[in-house]
Structure formats: structure tokens, C-alpha cells
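Can you keep this structure in mind? I'll have questions shortly.
Labels A, B, C and D are assigned to the chains in the order they are written; within every chain, residues are numbered from 1.
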Amino acid sequence: MLLDAFWSEVLGTATLILLGAGVVANVVLPKNKGFGPDWLLISFGWGLAVFAGVYAAFKSGAHLNPAVTVGLWVAGEPFHDGGQVIEPTFSHAMVYFAGEFVGAFIGAVLAFLAYKKHFDQDADPATKLGVFSTGPAIRSYGWNFVTEVIATFVLVFWVVASGKTPSQLGPLAVALIVVAIGISLGGPTGYAINPARDLSPRIAHALLPIPGKGGSDWSYAWVPVAGPIIGGILAGLLGRVWIS
Amino acid sequence: MLLDAFWSEVLGTATLILLGAGVVANVVLPKNKGFGPDWLLISFGWGLAVFAGVYAAFKSGAHLNPAVTVGLWVAGEPFHDGGQVIEPTFSHAMVYFAGEFVGAFIGAVLAFLAYKKHFDQDADPATKLGVFSTGPAIRSYGWNFVTEVIATFVLVFWVVASGKTPSQLGPLAVALIVVAIGISLGGPTGYAINPARDLSPRIAHALLPIPGKGGSDWSYAWVPVAGPIIGGILAGLLGRVWIS
Amino acid sequence: MLLDAFWSEVLGTATLILLGAGVVANVVLPKNKGFGPDWLLISFGWGLAVFAGVYAAFKSGAHLNPAVTVGLWVAGEPFHDGGQVIEPTFSHAMVYFAGEFVGAFIGAVLAFLAYKKHFDQDADPATKLGVFSTGPAIRSYGWNFVTEVIATFVLVFWVVASGKTPSQLGPLAVALIVVAIGISLGGPTGYAINPARDLSPRIAHALLPIPGKGGSDWSYAWVPVAGPIIGGILAGLLGRVWIS
Amino acid sequence: MLLDAFWSEVLGTATLILLGAGVVANVVLPKNKGFGPDWLLISFGWGLAVFAGVYAAFKSGAHLNPAVTVGLWVAGEPFHDGGQVIEPTFSHAMVYFAGEFVGAFIGAVLAFLAYKKHFDQDADPATKLGVFSTGPAIRSYGWNFVTEVIATFVLVFWVVASGKTPSQLGPLAVALIVVAIGISLGGPTGYAINPARDLSPRIAHALLPIPGKGGSDWSYAWVPVAGPIIGGILAGLLGRVWIS
């Protein structure tokens, strides 16, 4: 039943989104101690959110991201369930997806609870949405999509290739890659690079009783889902050819 | 007599609080070279304070935090005294607690001495207290408690789970988790996540001859004690069930 | 035919320049989420760009930089092609150079695509050039050359010496050296320290259809090529004498 | 003759001061790309300067600091000359001291050359001195001395204790401790924590043809020499007792 893989992805992705949404809340919601724009702080926040999430999801190999699951599947790399190596198949991928989307939803709710009093403050509806989901700096679905494809390609190709460069950095390595992507490619779209990271918190935004919230910008919601999936597939294909 | 464990926790927690209170002093007290708000600086300061403290407390496994001691105790993980593994029992936990609270007090005094001339400057009494103890951005005992529970849960669950993800990061890993928590969950309460980190420096604030100091805000003092203890217990319980 | 070495350097240097040019674009081009000057962000961006690039170029030992190739060649250190160790010869160095310059061009084009909508915004032509190539803070070809020689010497001497200090940091170590050089020696010239990093993106700037672009400042272009090459040779010579 | 130890300390300390003085120059001298106050940038700059210096000084165990040499000597820890372990004796300590002071002087000269055109700009004489040597935020020889003693104690006690906490961080660990000390204890005095780091560059400042320079503040010069030596001795004594 792959229960270990499922719950592991739930725990890891919940940790990722709790900390990731948390850093945005800290920076954008009024009266927080970390209030004020600081892209380096945000980039480290998301990178270290991945770091923490990887530890929490050790039983499933810590995908935390449907684009990673897709990329490994395309590349033919194995999945994990508890101490077992399992085949990358459609049904196994579905278990990972389920864990990722459920975990991301739980993480968003926890971030809301941790910052409850700050959500009660007056702030722009778009600002409150920004704690949950990404949005473009300049709205252009085509180019926003391109940016998400490129950024996710870098992430997933790294995941596929990383096993070939021995180091003992463990979860720190992927955390630093996520910091790098945020610093370097996060400017135009806020770097979703992960469908679960964007879609589940957007659903949470729609459902939670957030004072003064506006719409959940569903017209943009397909970009941070489709872009990462395409980027992940392309990276998996290159990985299959180049990394043997 | 567990003298190694006691003195080890004293040394480690003193280092933690000397450096942790130090970064706050640097940022908030007038005329310092690091003066001015920078949440990333503060988050790295506390994280690296843990990093340094872990080295100093190698003989006891470096809890440095009653919430960590409680969490490991609940999870059934062993304690350490010098080179010996010891049972996680009530009396052993008391030795750790004693070392943690004594060490935190010493660290606060040393930070006061290192920044003596800057404490002599005019500054808001709340600012001077802030070098020692945490305080809420928006005072709401219930929600502040929730934030401390969630943030400490992340820390202690990581401590329990970390042994299962091999890496050679050593003390850097827990330091980065503390940086992550500060960046992502520190906005509402200043992330005590450690009863000794908050209570002992608060006592030091009450006792030390600080020019122009105000009250020590005892009405808030229970939150950064009770929240971390509850968060640590919950994390220890989940660890007991999930990490086997 | 050394195809593995060639394509590996292409992949690695493309990653390096995509992320490196990306951080500059994020910081200097209007409306980006990371807009605004932050030298620490830029220094971490380039350092982590190297980090990611090293993983992508694992089949060739990840030079990513003609000055590194020259320095290792002078020091007599081996090159790599797939799993094979190969001699550092003229023709092998040419293969590395080709991969580095081609990869850097591709990376610059990808960065342009990722930031396309932001290049469409109004900005100073020098600002848009700055995404691709370095330029001096105070134009003085002689002193700018000196700065590039010193900064590259630090990088390449570290590459030659690093094998003697065991650690398990892997690609993180060289990434941190690049962060260090950026922070400490990047002020006067923007630290090219790599002929491919500067020349190929400058060519891309000349060729790409960038709205409102100006000249590519060819009169300065020799400095970030010649300085790093001389710095690399000097470091290789000292390495040959001192590191035996 | 201990030539390996001498030249190793020269190379390492020159690297340390080149990069350390470099980051200050970048931040305080006009027209630099990193111009502007940023304590986190400065703290990372000095920490990574140590990181780079440790690699360059691998043949001598990389003290780079007379306070470290004194502390290890007092603690009874061995020194290194090339691949040989040597006794910590007076004459061996003198060789280390000589390498450290000579290297620091060379590093200061190199930093001057790298930033030559920026030293030619108008700036406050105290600012130009600040690239080379530390100075107090609030002048009070007694309390400045106390701060340097405490900060150096943390560094040297860590050096003595670090061998007992296995990790594979290598030079990164000491670099992070130096970052920690800068962030947390650097506010009052600018954290010399190293007699060679302060005295040799001060001599360089006195000798170099720096346009518009003022005095070298010799009345303060004893504090960043005596404070670190006393801090190093105290840490070595505690290390001798506690770390067996």
C-alpha cells in the first residue's frame, strides 16, 4: 500500500510549505519581526525549508515535488518506500503525488495558524495571497511558463545528476540548489518550480477564513503546475540520455 | 553524578546564549558596528550560536534546550555523559535541565559584559530587554503560544528524525534548522523555541545592573517556556510512533 | 574525441552562466522580485551558480573556466573525460576551452529567455549589458587588470591546493571560494575571474535582440580575458612549486 | 628549519588578510560595487577569508593567528610542519608567529593593490584605516579589551574542542565560527580576535603611500594584540582541563 512513502511525503511536504509560506508571511505581513523586502532572506528561507523537509521525508527519498517525481520516473530512477527500493511506475507516482499535494495543504494551514494574528492585520489581498501561492512580476502566461520550465529544469536535472558527484552534504546540497534557483531565476515568477507548492496552498487560500482576502488568481494557477511538469520531464529525458 | 553531562550543557548553553544575545545586542543597541534591523543576520546569528554551542557541549550530546531534552526523553532516545550512553530518565533529565538553565544565565552575563558600553547608551527599556528575552510582535498569549508550539515541534522532530538521514554535516545541520525556523517562523514571537534560552536571560536581566532598564515582562514569561515544552513533547510522541 | 569532456563543460558552464547572469538580471532589471542592490545576494548567486555547474559537469572534473584549465595545465594536474583521467595537453585544453565558451554562450541565451519580459522594460543600456558582462567601477585598464589577476590567482591556487585539505564538502568548497572572492575582491571590476564567463555572454549581448541595448564595450573586453589567464598561470606555477 | 610551517602560515595569513581587508575595502571605499554598510556581508567576508586561508596553509595546520598558536601551545596540542607532527614549543611558536605577521603584512599590501583606484578616492582617513585595522565603536580601552578577550576565547576554545566533534566540514567549520563571532561579538570592537590580523595591516597602513591617509591610531593598537593573546591563553587553559 506504500503507506510509508505516502506519509513520508506528507510530512516532508508539510514541513516544506510550513517553512516556505512562513518566510513569505514573515516578510510581507505587517508587524512581523522580519517584515520588509529581502530576496536573500526569502531564498534562504525556501532553501532551508527544503532542507528541513528532506529530513522529515527520509522514508520516501524526499521528492516533495511532483516535478521531481515525474523527472525521476522519466529518467527511470527508483522510488523508495520505507527501506525498500520500488519501481518508478504510474501507480507509485500517484502515491507520491497524493502525499505531496496533501502535505502541501497541511503545511499551508499550519503557516496560517503560526501567523494568524498577522493575517488579521490590514494588508493588500494580493499580499495575503502571496504567502500561499506564486504570482508573476509581469503577467505574461507564455514567458512566465518559459521561466518556470527553465528553473524547474535546473532543479530536476540536478536531482538526477547529483548521485554522480560524491559529497557528504546530504540534504544541504539540494537546499543550496533551491537557494540558487531562487536567487537567480526567481525574479520573474517567484519560482514555484513545484506544482504542489503552488496549487495546494492556493486551495488552502480559497478555503481558509482569512480576513480581507481577495480572489485566488485561478487564471494563473496552471502556469506553476504545467511549467514545472514540462521542466521536470525535459530534465528527466536529458538525464536518461546523458547520465547513464 | 553526571558531572560531565552537567558541565557540558553549561558550556554549550553559555556559548549559545553569549552568541545569541550578542547578535541581538549588536543589532539593537546604539553605536554598534552591526546596528540596524536585518532579520537574516539575526537568524544566522542564532543558528551559528547553536553551531558553536554544539561543539562546546560534545560530552553530553549537546541538547542545550530543555525542549530537546524533553522530546528525546519522550521519544526514548538515549542521553550522554562523557563517552557513556545513559538512559533518558527523570533524574538524568534534571541534570540536563540544570546545566541548560545555569549555562544560559552565564551566557547572558557574558553578553552583557561584551556589550557593556553599549548598554550604557540611551535606548528604550524594551530594546534592552530584547537582548535577553523574546517578546511578541502582537501580544496574544494564545496565538503566541501556538506559534512557539509549532516552531519548537519543527526543531525537536528534526532532532529525533535526523539520525535517519546520513550526512556528514554534524552540528551544521541543526544550526541550519535553527536558521530555517528563525527565518520562517520567527516573525510573530522572536522564536524562543527553548525555555532556557528565554527564562535564564530574563532572570539575568532582572538581576544585572543595566542602566535605564525597565521591567522584565514576567506576564509573558510563561509562553516561551510552556510553548516549547508542549512542542517538544508532541514532537517526541510523533517521533516515537513514526521513527522506529 | 573527448566528447564527454566537451559536452560536460558545455552543460556545466551553461548552468553557471544561466544562474550567474540570472542573479544580475534579478537585481538590476526593473520589476523583478529581487530588484535592488545587494552585493551579498549577488555573491551568493554566483557562488551557487558554480555549485550547480560543478554537478552538471561531473564528467569533465568541472573546470567551467579557461583560467582553471590553464592553471591545472601549468601545474601538471590531470584532466578528465568521462571516467578516464587524461593528460593535460594543448589539444585537451582546447576541448575544454571550446566547451566552456560554447556553454557560456548558451547560458547567456537561456538567462535572456528567462528574463525576457524584464529586458523589455526601460533600463539603462549599461545596466542591460551588466547582466551579461563585467565592467569596471572605475575604468583604469591597468589597475582593473591587476584586480582580475589577484582575484583569479586566489581562485586557481585554491583549485590546485584543495586536493590536499581533506573535507567532504565537494562542490560546496569551490562555491564558497567564489562567494569569498566576490565579497572580498569583486568591488572594483565585478570579478570576471573567468574569460568564458565574460566573453561569451558579451558576444551573446551583441547578437541577441535586446530592446534598447547599447554597445558591448569591446574596449574593456580584453581585461576580463587576459587578467584571469595571467592569474591562472601564476597560480599554476606556484602550485607546481609549492604543492608537490 | 620548519620552512614548510613558515611559508604555509605566510600563504594562509596573506590569503586571510587579502580577502578580509578586501571585504572592508569593498564596503567602505567609494564607488565600489559592494559599497554600503552590511554587517552580514562583512561577517561572511571574514569567515570565508579564513576558509580560503585554511586551504592555503594546509602544511602547517593553518593557525593563521598568534592567539590560536598560543592557545594550542598552552593546551599542549601539536603543531605541524609539512607532513610532520611537531612539538608545541617556544621556538616552534616563534616560527608560526613570524609566518603569521609576515603573511598578514603581504595580504594587506595585496588588498591595497586590488583596491588602489578606490583608495585614490576621497574618503575619511578613519575609513581608510578601517580597511587595515580594527577600531572601537565606543573607545574604552578596558571594555574593548574585555570584548576582545571574550570573542577570542570563543574562537580558540572551539579550535581546541573541535577535534572531539566528528564532522566532515573541514575548513568550513572554523569559517562558520568566525562568521558567528563577527555577527554576535563584533559590534563593539570590530573583532580583531587575532594580533597578526590587526598589527601587521596597521604597519602596512603606516608604510604604504595611501592618498589622504591619517594616523594609524597606535594608542589603540595594544588592545587587539593583548586581548586576543589573553583570550587564547584562557581558552587553552580550559581546553587543557576540560578536553582530555
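The criterion applied here is as follows: a contact is a pair of C-beta atoms (placed from the backbone, for glycine too) under 8 Å apart; a residue touches a chain by one contact, two chains touch by 3 or more.
Quick caveat: nothing in here was measured; it's all calculated off a predicted structure.
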Fill in: Reference subunit D; chain at largest CA-centroid distance
A
Discussion item. Centroid of subunit B to centroid of subunit C, CA atoms only: how many Å?
Written reply: 41
Response to the item:
Chain centres from averaged Cα atoms put subunit B and subunit D apart, in whole Å, by 29
Discussion item. Going by the contact rule already set, what residues in subunit A reach two or more other chains?
Written reply: 38, 40, 168-169, 172
Fill in: Pairwise chain contacts under the document criterion
A-B, A-C, B-D, C-D
Worksheet item: In the complex of these two chains, what residues of subunit D are touching subunit B?
Response: 37-40, 43, 137-138, 140, 143, 146-147, 150-151, 154, 157-158, 161-162, 164-169, 172-173, 176-177, 179-181, 183-188, 190, 242
Worksheet item: For subunit A, which residues are in contact with subunit B within the complex?
Response: 7, 11, 15, 18-20, 22-23, 25-26, 29, 31-36, 38, 40-41, 44-45, 48-49, 51-52, 54-56, 58, 110, 113-118, 121, 168-172, 175
